Every structure is written in C-alpha cells, then in structure tokens.
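Each chain gets a letter, A, B, C and D, in the order it is written, and its residues are counted from 1.
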Amino acid sequence: MAIRRGRGVAAINYPTGMNLGGDPTQALVHSTPTGNFMVTLSSVDLGQGMKQIMAQICAETIGVPTDRVIIDTADTDTGPHCMGTFASRGTHRAGNAVIQAAKEARQVMLEVAAEELEVNASDLETDGQGNILVKGAPQKSISIFDVALSAHFKRGRSISGRGMFLIPRSYPEKETGAMKPSTCYAHACTVAEVEVDDETGEVTVLTVKNVFEIGRALNPKMVEQQLVGGSWMGISHALYETTEPYYPNRDYGGTDFNQYLMPGPGDLAKTEIIVLERPSADGPFGAKGPGEMCANPQIPAVANAVFDAVGVRIDTLPITPERIMRALKAQAAG
Amino acid sequence: MTLALQTFSTVKDANMALQAAGTRYLGGGTLVVRAANEGDVSVSSLVRVTEPSLSAIAVSGGETRLGASVTMAAIARHPELAALAPAARAVGGPAIRNMATVGGNLFAPAPYGDFTVAMLALDAIVVTEDGQVPIQTFLAGRDASRAIVTGITFVLPRAESFRFLKVARVKPKGVSVLSIATLLQRAADGTVTSARIALGCMADRPMRARAAERALLGCRLTAEEIAPALAVAGEGTSPITDPIASAWYRNEVLPVHLGRLLLA
Amino acid sequence: MAKVPVQFTLNGSEKAEFVDSGTTLLHALRDKIGDTSPKGGCHQGTCGACSVIIDGELRLSCLTLAETCNGADIRTTSGLAEAGVLHPLQRAFLDAFATQCGFCTPGMIMAAKVLLDHTANPSREEVVEALSGNICRCTGYEPIIQAVLTAARANSQNAA
Amino acid sequence: MELRKSYFADVRQNGLNEIGQPRPRLDSPGHVTGKTAYFADRNFPGMLHLKMVRSPHHHARIRSIDTSEAEKHPGVVKVLTAKDVPHNVYTILILIQIGPEDETVLADGKVRWKGEAVVAVLAETERAAQEAAAKVKVDYEVLPAVFDMEEALKPGAPLVNEYHGQNYYLYDSGECRKVRFGDVEAGFGQADHILEQSYQSSPIEHAPTETTGCVVAPEGNDRFTCYTNTQAMFFTLDNASIILQMPGSKLHFVGGTVGGGFGGKVDVIVEPIAILGAKLTGRPVCFIYSREEEMQISSPRAAEKVVIKDGVMMDGRIVARKVTGYTDAGAYSRHSPYGAQKGAAHYPGPYTIPNVWIDTYCVYTNRTPSSAMRGFGVTIGDFALEVQMDKLARLIGMDPLEFRFVNAYRDGDMKAHRQPTEGAALIECMQEASRAANWPVAEKYMAMSSYTKGA
C-alpha cells in the first residue's frame, strides 16, 4: 500500500454576464420621508447575498450608512425588470443599475439640501454618516433626515432615481465567431495538493491554495463566503459529483444526498484564499462576478495533482476511485 | 386512501394487524416513512408497537439481547456494548442514529444495513413471535418475512476479537462502498482458530466470506499469511452496483480493505 | 380521512392539533402549527434541514409521524432565541458568516445545539460528526464548523 | 481570506465608506432564527398539491392516456394533460429569439426522456395526488433511444427531437458555433509538437438544499400570485405568460429568497403548470419537486465532451489550438444552445494563441434536458483546457506554471472571438499562487505584468 502525494496547478478566467441575448437590469431608488432609501429591484438572492450587496452599493452612492437602505426585490408588481441571477451578472449588472438610480436620487437630495442651506448643490458632499456638508465648511450641514422631510413636506420633491444597465446584444458573426458574449473577466489560479491511495484509488485533497482576482471585494466577508464555498464545490465536482455515474449509460442515477456524492464536513481540504483586486472598467466600484469562477480552477488543479501523484491521467469527470484504479491497472499492465 | 398508523401495546396484536394487505411495520421510520414520503402508495397502513421490551438492552455475561426498537444511538452510548459502537456509529448521522433501529437495519437493502453486517459476523439469532432463526437464514428470507422481529441475541464479542470497517466516499457519514465485520479467535501464538467474516454491499444483503474464513484458519495476521484469504475474499460475492461504486470496484478493493482490517 | 389528535410542547408552549393519521411531524409543525423553521429539503432523511430536538434528542421531523410525538418536548430553531436575545449559536453563525442561502441553517443549529447540550468543549472532530447528517451546498461547511466551535467556547466561558 | 492590496493599487478607488466593508448580512438574522420566508413557507387554506405522472421510458410514443380512474380517486380535483395547456410547445430562450420551440409542458404523443412530465394531478393532499397519479394509465410504444453524443450524431441514429429534425442544434453558422482566428493548420505546421486529447464529463446536479417549486394563489380578480424560487423573475413570468396565453398583467411573481440555486432554477418548469392548475380549479396550488425529482428530473449541468488539439513550440508558445466541444443537451434545448456558444467564446482560455479553430455542438440525446449551472459553458471547458495545459508543459519539459506565464493573455491581446483583452490579471494571480504555494518560477515571470507586453 502506498499513499502517494502530488500537486497540480490551474489558471482560469471567467466572463461576467450573458450578452448574447442582451443583458439588462433596472433599479429604482427612492427616499422615505425620514431619509431611508428604498431600492426596488426584481433581482433574486440565491443566498449569495445580493440584497446585502445592493444595500451597500446604494448606501455608498447616496452617502448613507448601509443600515439606512432597504431592499425590496423580486416582486414583479413593484420591481423593475432584471434578466435574472445567473452568469455572474447579479452584482455587476444590478449593481450598476442601483448606482445609476442612486446617483439620480442623490442629486435630488443634494438639490433639496442646497435649497435648505442656501448654497449650490455642487458645493455639497455627504459624510457617509447621514449628513450633508458644505465642502470646506463642514460646520454648515444638514442631516439627510431633515432633507428628506423637507423634500416630502416642504419642497414637494421626490428624492428618487431610475437606473438602467444594459449590455446590448451581441450577435456572433457566423464565419469567424466574432462576438462579445460578456464583459469583464475575473481570474484565478489554484494549486492543489492531494494524496492518492494507489490500492483503492481514493483521493484526499490536502490543501487548496486559491488566488482569485475579482475586481473589487465589495464586502470581503461575503466574498470569502463565496470563494470558500465555491472552492469546496470545485473539489466536489472534481472527485464526486454526477447524476449519471455510468454516463452515457443512463442507469444508477442518484436520487438523494446519500447517493449524490459531495465532500462531507470530514473531507475538507485546508483552504487558503487570496484575493486580488483589479477593478473592472464597467463594474460597480470595479466589481466583477466571482460567484461562478471560484468553483472552476480546483477541478483541473486536482486532476493535475492526481496525475502528479500516481502518473495516470483521468480525463473524465468525476475522478472517481474506480477510474483511478482502472487507470492504474492499465498502467501496470503496460 | 390515506396513510394510517395503528399503535398496539403488544407484538401479538400488531402481528395480527400486520397480516392485512398494504400494512407495514413502523420502526424508526427511516425506511417506511421515507417510502411513503416518496410516493410509495402500496403502503396504506403502518403498525407500531409500544411494548417496552422492544427497546430493552440486556447484557448478562456474554449473552446479549437487543430489542428490535433499540436505536443505533442507544447501542453506541451503552457502556457494555463498546465493542459494537463502531458498527452502530456507522449508521447515518446523529439524527438517523436516534431513529434507526436494530430491527429496521435487518431489512435495510444494500448499501444500507451496516449494523446487520456486524450482527452477521456475530452469528446472531433473530427473534420473532414465531421463534428464533439464525441471522443468515433470516436474511435469506427477509423479503417474505411477515412476523415482527422482536429482538436479536448474540454473544458479545471481546473487543480485541471483533473488528468493523465501513468504507465510504463521504466522511464522516457516507453510505457504504462496503463494510466488513470480522470475529476472529486466536491461539496464544496468534494463529487464527476460528474466523467469521461478514460483508456489506458485496451482495444485495449482508453475506459471509466463507472462503476467506476458511483460508484464515491457522494463519497469523501477517501480510504474507493472510494473502491466500484475501485472494479468495471475493468468492461468492455479487456486489451491488449503485451510484456510490460499481460491482467491479467493490470486488477490486474488498481484499485491500479486508487486508487492512485484519492487519490493523 | 381519519384525524388523530396530537399534543406536545413546542418550544415551551402547549400545542394541540388534529392531523391526518400518518402526517409527518414536519408537516404538522409547518402546515398546522405554523412553525416553518424546520425545512423540507428531501423528505428522505438525507439532508437534515428538518432537524428538530425531541425530548433532548436530535430527530428528523420528516421521518417522524406527528402522532408518535404525543406528550413530547419539541424544540425548533424558531424557539431558540429568548426574549429576542439570540442564542450563542445563532450569534456565532452570524459572526462567522456561516449562512448563505440559509435553508440548511435551522437544521444545522439544531444539530449543533444537541452537541453543545451534551458536550461543553467539543473537538473539531466532534463538531464534524455532529453536523454530519446535515447538508449544506453553499458554504463548504468550514464557516459552520467554526461557528459551532466559537459558540462552544462562548458557552464554556459563560459557564466558567 | 487575505486581500493582497499591493497588486493594482494604482487603479483602485479609495476612501469609500460602505464598499469594501465586511458589513453583516441583513438576511442572516432571519436565517439563524428560522424566520426567513422561502416560497414553501407560504401556506394557503384549501391549497392543492400537484404531482406529476412521468415517463418510465427514455423514448416512446404515447398511444393513449387514460385518466378516468385517477379523476375518480378521492381527493382529486383536477387532472391535466397536454390538451389543457394553451401553448404546450415552448422553449424558454424564445424570449431572446433563440428557437425553435421544441419542448412540451406535458407530453403530447411522445416522450423523449425518462422522467418527462406527462400528466399533472391536483389533489387535496399529497398522498391523494400520489395515489391518483399511480392510477393514470399511459400506453407507450417504446422507441429506440440514444444516450451517447457520438452515436446521436451518426446517420441513422434515433431522432430525439422532431422540432429540430436532427440531433444537433442548428445555429445560423450551421451545425455548430464556430470561431476562426488566424490559420490553425499553418500553426500546426510550424509546431514542434502536436497533442490531441479528449475530455469528458457527465451531468452534474446543482443539488440546492431547497428543491425547485412554487406556490400559486388566485387573487380573486383573474390575477395569480406565484411565490417561486426562480432565479429570474420576469424571465419566468414572461415564459409563463406565453405558455398560458395569459397577459403578463394577470401574473404576479414574488420571490427573491431562494434556498440555493447554482443555475438550477432558471428553467421555467413548475410555475406555468401550477398557475394553470390554480386557474382551472380556482384554488391555491403548490408544486414542489421531491428530492428525487430535483436529482433526476430537474436540469443538470450538461455532460460535455471536449477534444483539444494543440500545436506547441519547445519554447512554450502555443501556436495553434483547435477545440471541438460537444454539449449534451438531453432531449430539449432549454439553455444548452446558449451554453455551447458561450463555450465557443471561452475555449481559447486565458491565453493568447495566434491560430484558433473552435467548433461547439449542442447535441440532443434521450436524457434529462440539461441547462445552466454555475460556470455554465465554461467549467468543463476549463477542466479540459487546464489539464491539457499540464500535459503540454510536461510534453515539452517545462514547469506547468511557467508554461502558463509564457502563454498568459495581457491587456490588448486579441482573443480568438475578436475582443481585445481588457483588465487582465491572470499573470498576477499566478505570481501570487507561486508565492503562496511555494512553487517558484523564474524571476522573469515574476517580473511580468498584465498591463503590457513589454514589462
């Protein structure tokens, strides 16, 4: 019996969005009478934290703390159109729409504040804590609470904005395939270290070191959630998962979580995550979509590590103990 | 028709009710309630028994009796059943172990039924109202069995003579690629004087590895001496193919895992 | 359809309902009593999202018939916070960013609670074992394991 | 997690208050207290349960359907077949003009995969619906089925889907989406080595802990509120509107809180039939996939086959890359024609290669239709590309990481689908990985930059 060790590397990029059908998302922002901000969308939170991120994006743009923003999303009677949550587009597309809407609302807010303070709107700035200050003369200020009250009850203004982000449809050119299917690209490089039991074909992923470049970590803890969970799913794809274990034979498809294999809490690789930020030109505060690409590089990195360990290539996913055993036997048979 | 549960205080009464068509016995629920949830409409009536003896554990000397409703969790935490704890803990996660019973495990199709593999290695006796049958006989006829199992009896093994291994892809709680239980008696010089080896997933229900058992007699537990036993470990097996592993793979790694268990 | 009475204590309050015989505890809790904190992720006993604590033991409410719970003491995640103050486990899940979609969270917290009720200072291995019947598809488990370890430390410090 | 701020520091906006801050998630308190409301947490009095009768065959003609016993079953309120669905033949990407309509809401005359929906039963309880479903009699004439993509593409293979007329999706570019860049044969001609390898995957399930489903409640004014865990609200509403031939104004979708999606909830499967049930019965309806349905009926990530032929120089440069990709769509298109062409744009990978030839096929077989999943069109391609990169490096005796530096794309490099590279950061990721993994590479690679070729 031998436990053999190997390591492998993989590097990838990943596109944001799906422009081959046109890629729009809209957002509306308005202030309540006391200066809280309602973001209305129809984007879907799958658990990745879309609501929280839209709140932070709106808050940053308006200039208020995040807890002054309320997200009302995914009610088609109220929320304007969103293409959907997929293709790593949520943060990027909806975020841009929210910024545009929030900017318009902010402009109205500053105009009302300017009237109250009897200065030009262009001379005003927000302090991020809920106040509007005169640039260079911060003692001259008004709270956003008071500005909203004024807008509603005194000045008859709607502190609101409309946001629209559309990547126009790209039609692939028939002969050359020239097309623009997406916008900015995220990047990753993963090094995986494995142990392979050469008598059973069992693979243990010891460590994965993932470097991800995601444009901008809008909320680092939430980015970490995505990347850690994605890295786990990548390993899972590499070694465990399929609904058709004997593909293309259609039999023996798993029907529950006992038969559909994924790494359990006792199978976790020691996971390191390093994040780089090269802001994208068109992303909200430079953000790209990290949600999908984070699960990709582990698959080839693990595959390459298995080869490094035992000298057989498994070019069919998932890399099961059975496939490794068959390859090792074929190798031994020469 | 809806699903209806009937509760009886005695096994005798429940056995009567169980004769009706579409009726099944409810133990811990991990098999029959699941089947009902999944749309198995062949079951319209469930029967359960509250008789306390079904949940009793009795250990006296080596003689052990587990009531059919004893759960895996109860076995795993019972101080006198420490030798069986690894087999009991091999079943499911914590919640399942609080529900899954000794009786139910006897009926669990591969890849389930790890605890029964241990019982088979111990040559347990399965007890019903109709009498007592060796576990191997019981397993062979379990599909047609109608009488409620009330308990199981066996001689508690000494810890050093009994070994159990469950091989799973997912840790700590995957279902079995295979499971192995061995009960070996050895002479002072270490040679095996008697061997019982039970296998899970190597057929549609737990089975004995008779050829390997015979080949182990007179061997010391060294890699060299057990090699002939490992070579015949797969004799008579007919492993399941399922999403976890193919029959080919199970046969391929059975000798490896048996060898590791014997040499551990 | 035959209705049967079920009566038990849920998070400290008495509940009594009539349900169809054969109704699972999960359905009784969610559809009859209105406690939707246990989730139906599989109805097979393979995901743990429906985990509840019955008489101090972790159980799968999807495989438990309601009428077998008469007289039982049932605890769910919705009853864990007291007077609006989060249980240390809930606090730890928040602080560790251990929830993403949140669907597995109530079951995970139940599984963790039973562990901490019996084991003051669990090892990582014990935490892993305690959570092993609960599937999470988002987090990769590590933040959940860390949350439980953190809550255990907080508990034992409070006790000290 | 560590943020390495030293990279690209010159282009990052600073002085932000909320962005870049690890604010607590506003939804988490609901999650940890069990208070978050998912679609299935809504319960309405009188709600009906919908269960689907599904095909037991991979490919079969339906001779007849007899629902009479099922309709008489106690508790059954309505039984739906194809004739009840106003626009029964649909395809979801018709919204972006990707046709033809090729899929039935309820099977009409034929089933093309094992598990296909044939009859919908609505009953007072789940149990009654299950019992009635078992009483639906469908007479099938079993047809030959094809499961292997190569077999499916051969002449004489059983025809999976008559709406296509052949077992592949017909793009405007022909039987495949094509990318042509440079002269790939000339590239192979100059290469020191050529390596052609084939890679394969099998279908993968999203396996969210919450299964796909919806709860529909009539509002009493000809409008229907659909509580759903779809990943795309209007996409689903608009498709439902087409299938049901109902004005969109009659539909009200509420969602946005989903127990995991990963791409598995972008098909429009449960909502239209549940709304139809609510419309025809006037009752609330829930249709929630069982776990078995989620595992075997809901669309998986497509199986793919990827054949890569590379020409490489001894100095490490890849001079030609030819990729043929096959996406196993299963019996119907759903999102697969899109995924296959998304793959066409991706296949050169994050590398600058002067001569590229890509063909990607979307192939029909008699299996569960596949659709989008996390990394759609890219994940399996990346597996193939990056294993191929490892093989190429070893073939020419180069360190696999250094080999990637040699070929890494940088700002301004033209990609094969004729988009100039912008915002590249592959090199920096690899530099950081080299450090973090203690995998040293030559200093010249550590000095490289994504900004320019010159650096």
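Quick note on the criterion: a residue touches a chain if its C-beta (ideal position, glycine included) is under 8 Å from a C-beta of that chain, and two chains touch if they have at least 3 such contacts.
Note that the structure is a prediction, hence the values are computed from the model and not measured.
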item: Identity of the most central chain, Cα criterion; value: D
item: Higher-contact pair (C-beta pairs counted), B-D versus B-C; value: B-C
item: Chain centre separation (chain B, chain D; CA means) in Å; value: 41
item: Whole-Å separation of chain centres (CA-atom averages), chain B against chain C; value: 29
item: Chain A and chain D, separation of their C-alpha mean positions in angstrom; value: 17
item: Whole-Å separation of chain centres (CA-atom averages), chain C against chain D; value: 33
item: Where chain C touches two or more other chains at once, by residue number; value: 1, 20, 22, 42-44, 46-47, 97, 100-103, 128-129, 132, 135, 137-138
item: Residues within chain B bordering two or more other chains; value: 2-3, 36, 38, 172-173
item: Touching two or more other chains - residue numbers and ranges from chain A; value: 46-47, 49, 221-222, 224, 228, 230, 233, 245, 253-254, 256-260, 262, 264-266
item: Chain-level touch network, classified as line, ring, star, complete or other; value: complete
item: Touching residues (chain side chain B, partner chain D) in the complex; value: 1-3, 36, 38-39, 41
item: Chain B residues touching chain A - in the complex, by the definition given at the top; value: 167, 169-175, 241-246, 248-249, 252-253, 256-257, 260
item: Chain A-facing residues of chain C, complex; value: 42, 44, 46-47, 97, 100-103, 125, 127-129, 131-132, 135, 137-145
item: Footprint of chain C on chain B - complex, ascending; value: 2-5, 7, 26, 28-30, 33-34, 36-38, 46, 48, 73, 92-96, 98-99, 172-173
item: Residues of chain D defined as touching chain B within the complex; value: 51, 74, 125, 127-128, 130-131, 133-134, 290, 292
